[in-house]
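Letters A, B and C mark the chains as written, and numbering starts fresh at 1 in each.
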Amino acid sequence: MNVLEVENLRKSFGGVKAVDSISFHVREGETVSIIGPNGAGKTTVFNLITGFYKLDEGSVLFRNREITGLSPFRLPRLGMGRTFQNMRLFGELTVFENLLSGMLRKNGYNIFSTLFRTNHYFETESKAEEKARELIDFFHLSGKEDYPANSLPYGEQRRLELARALSIEPNLLLIDEPGAGMNPKEIQDLIETIRAVKERFSLTLLIIEHQMGLVMSLSDRVIVMDFGEKIMEGLPDEVRKDTRVIEAYLGEEFTG
Amino acid sequence: MEITGYLLQQFINGLQLGAVYALIALGYTMVYGVLRLINFAHGDIFMLGAFIAYYLISKFAIPIYLVFIITMFCTAGVGYIIEKVAYKPLRGAPKISLLITAVGVSLFLEYFLSLNAIFTANYIGFPRPFEVVNYDLSLFTVTNIQILIFATTGVSLVLLYLLIYRTKQGKAMRAVSYDQEVAALMGINIDRTISFTFMVGAALAGVGGILYGIAYPQINVFMGVMPGIKSFIAAVLGGIGIIHGAVIGGFIIGISEVFVSAFLSSTFRDGVIFVILFLVLLLKPSGIFGKRIEKV
Amino acid sequence: MNFFIESRKILLLALLVYGALKVLFVFGLLSQYIEQITLFSFIMIIASLGLNVIYGYTGQFSLGHAAFYGIGAYTSAYLTKVFEIEGVIPFLPALLLSGLLTGCAGYVIGIPILKLRDDFLAIATLGFGTLFRVLLDNSDKFAEALGGSRGFVGIPRITNLELTLSVTVFLILITRNLIFSRYGLFWRSIKADELASVSIGIDTAKMKLMAFSYGCFLAGIGGGLYAHLYTFLHPSNFDILKSIDFLIIVIIGGMGSITGTIYAGLIWVGFIEGLRIVLPAEMLDLRWVIIPLLLILLMMWKPYGLITKRSR
């Protein structure tokens, strides 16, 4: 089954085509990566899929449901999680609260329970707390539950953002440049983490990434973008050998 | 024929008010450009301009052109001091803290000056520096006050334009508005440019204060509040940070206000300005001349 | 039931406060004036809690809080006049209704303006506050009883210690329950990062509206109690200076702290009224100079607030 079907996406900003007729699909359980040089329009594609930008044209089907034009807060409720390129944590909230927010969003209680503290309130809260602890353990953040998120070191913040995206129990997770600002050792750890996450939470993944090592070892398929267009799609090995990709990526170094 | 004359007359009156708003709006828009701050105290600098001119005219009886020059220097000085004392220590603090400070400065100026030992809270009659003359142009009349307002505003705008687009200091102002960090990297003295912007804005507000005092000869320490807010709305309407936007916004606000007073009721003249504000904020927050920016 | 079990400490404390104040009031150990400002400080706490929900917790800056306080005050005063209410019990539904109406007003105004951010939200709320003041000044043209710029006179004095204290405690508990729930967590998430909140499925527009209208509801209840404490309303009681009063209390108390707001409300009213006693009569106006000056110094000293650090 196709979890995501993207058809003919178009978006321009003030006359500049940022994304031009992009189509692709992601099957259940797959890991698909979008690669391409800076400014190729990868993040714009993410923002179009997740509804943060309005499309000029095209359609997006998520689990066979048309999601074009839905408010962006609807998509996480349907099971689409995401992270951000420039990392957006709830900085002044604690690690624990960062996760609890998503959990209680998914499984909550109504205003009556809130005001009068019904048993349902306490049960739901403790269930959410339990689940938050599981995530904290899974991402090796134990002992930091009560730290404000912005006081964590960079690597842990990255893990926390991933954990928060999982707190809403998504089927499809969109990860925007998970390896940004990491050294090769950290990238290796990240690859392991993403593998484990995918396995454990039975996810379908769509990843934007620059680090070729990460893309090659994780992806089932790779989509290459340049100047807002999809220039090719294929298995990691095919992509690696394709001259168009090498040109787009390495520019003059190879061609000139 | 009569209705055309009446319309034209109201239009001229609207231009008169709009010119004053435009002068104040320029200060808002320039300061917003370099600091991303709504300088709430700007309306009070306008008020100070009127009071300084009042003392110069009534106590010293000096020629009108000197009144303008001295007032501009004084308000520019006040603008400089406010920036240095209240805003500069907050560089890098949250935006809202700066805004709260600006509100504090505004209220402080108003209530400090309204103390009985200083200006008091009473209305004071502003002395007319010359006899009012009406020129009958058959369809409508123009007063020499209106001519003075239009001429002064025109000259101020030309000078400001030359300053911003033809001098090094103006170039620095534009660079800082565009991107403060890059401007700093290019060797522009950010603090000096910000101070300079405050001074230019305050001088223009001073001019506005004198003209307002001459045209509507009742002054009071709280007189800057409404014109201040309306001029800010004018700046938003034209597109905040955009010089010609502030001028055109000022005229639109002034004319709307006069027309509402003339054809509906003066009770609604403030109301309609806020309706304009809400409409702008909802339909096009970047204003008439602003570009829409979409960014995650 | 859980509600009371969880709140037993606070309820006990409230009972002690009530006992102490009642003794002082009954034996006439405090002047009429001190009694009045004690009640007034509770009222300020209620309304400031409202602003804290809006600004301190949800991050939506408002310079128009006094207008909502005013809506509550005028509505309740109008209701008691029309229905000739004099006792505390018949006053309760009128008070609740004015709070709810104020909340609805906040909802309606919030729909357009909560789309704005930071300084634009500030100017829009300030605009609303100014507009409200103009409306009040001309209110006698719509309904004679409202009094316009002459003020609303002849409001019965209904607000007493029992009413004020029980309403204050009840609203503090309700507010606490909201803050320490998923809704409070969503509000704080929105304050921390709106886009990230969207990415976990929070309907930010709805949650901001909820916080804003609840905050306005609290302001409205505060206003209703105020009207029936001082028995006279004037448009100048609801202008920007009043909004600044609430803002100062929220900032001194620490944004996003309920206990901080309570302390700060008491301190602030004590300070302002204390100045009235300390300052000679001809220098009373100095208070309005001191308030903004304090605001400026406060911002320079601690841009994030003073008394407490909050935690869940």
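What we mean here is this: a contact is a pair of C-beta atoms (placed from the backbone, for glycine too) under 8 Å apart; a residue touches a chain by one contact, two chains touch by 3 or more.
The structure presented is a predicted model; accordingly, all values stated were derived computationally and were not measured.
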Centroid check, CA-based, most central chain -> C
Name the chain whose C-alpha centroid is farthest from the C-alpha centroid of chain C.
-> A
Per the C-alpha means, the centres of chain A and chain C lie apart by a whole-Å value of 42
Counting in whole Å, what is the centre-to-centre distance of chain B and chain C, each centre being its mean C-alpha position?
-> 33
State, to the nearest whole Å, the distance from the C-alpha centre of chain A to the C-alpha centre of chain B.
-> 48
Listed in rising order, chain C residues that touch 2 or more other chains are 195
For chain A, what residues touch not just one other chain but two or more?
-> 52, 84
Residues of chain B that touch at least two other chains are 296
Chain C - residues contacting chain A, complex = 2-3, 6, 174, 177-178, 181-183, 185-186, 188-189, 191-193, 195-204, 311-312
Which of the residues in chain A come into contact with chain C in the complex?
-> 50, 52, 71-77, 81-84, 88-94, 96-97, 100-102, 104-106, 108-109, 111, 114-119, 121-122, 146, 164-165, 167-168
Using the touch rule from the top, collect the residues of chain C that touch chain B in their complex.
-> 61, 63, 112-113, 115-116, 118-120, 122-124, 126-128, 130-131, 134-135, 138, 141, 195, 240-241, 244, 247, 251, 282, 285-286, 288-289, 291-293, 295-296, 299-300, 303-304
Interface with chain C, chain B side, in the complex: residues 36-38, 86, 89-90, 93-101, 103-108, 111-112, 114-116, 226, 229, 232-233, 236, 267, 270-271, 274, 277-278, 281-282, 285, 296
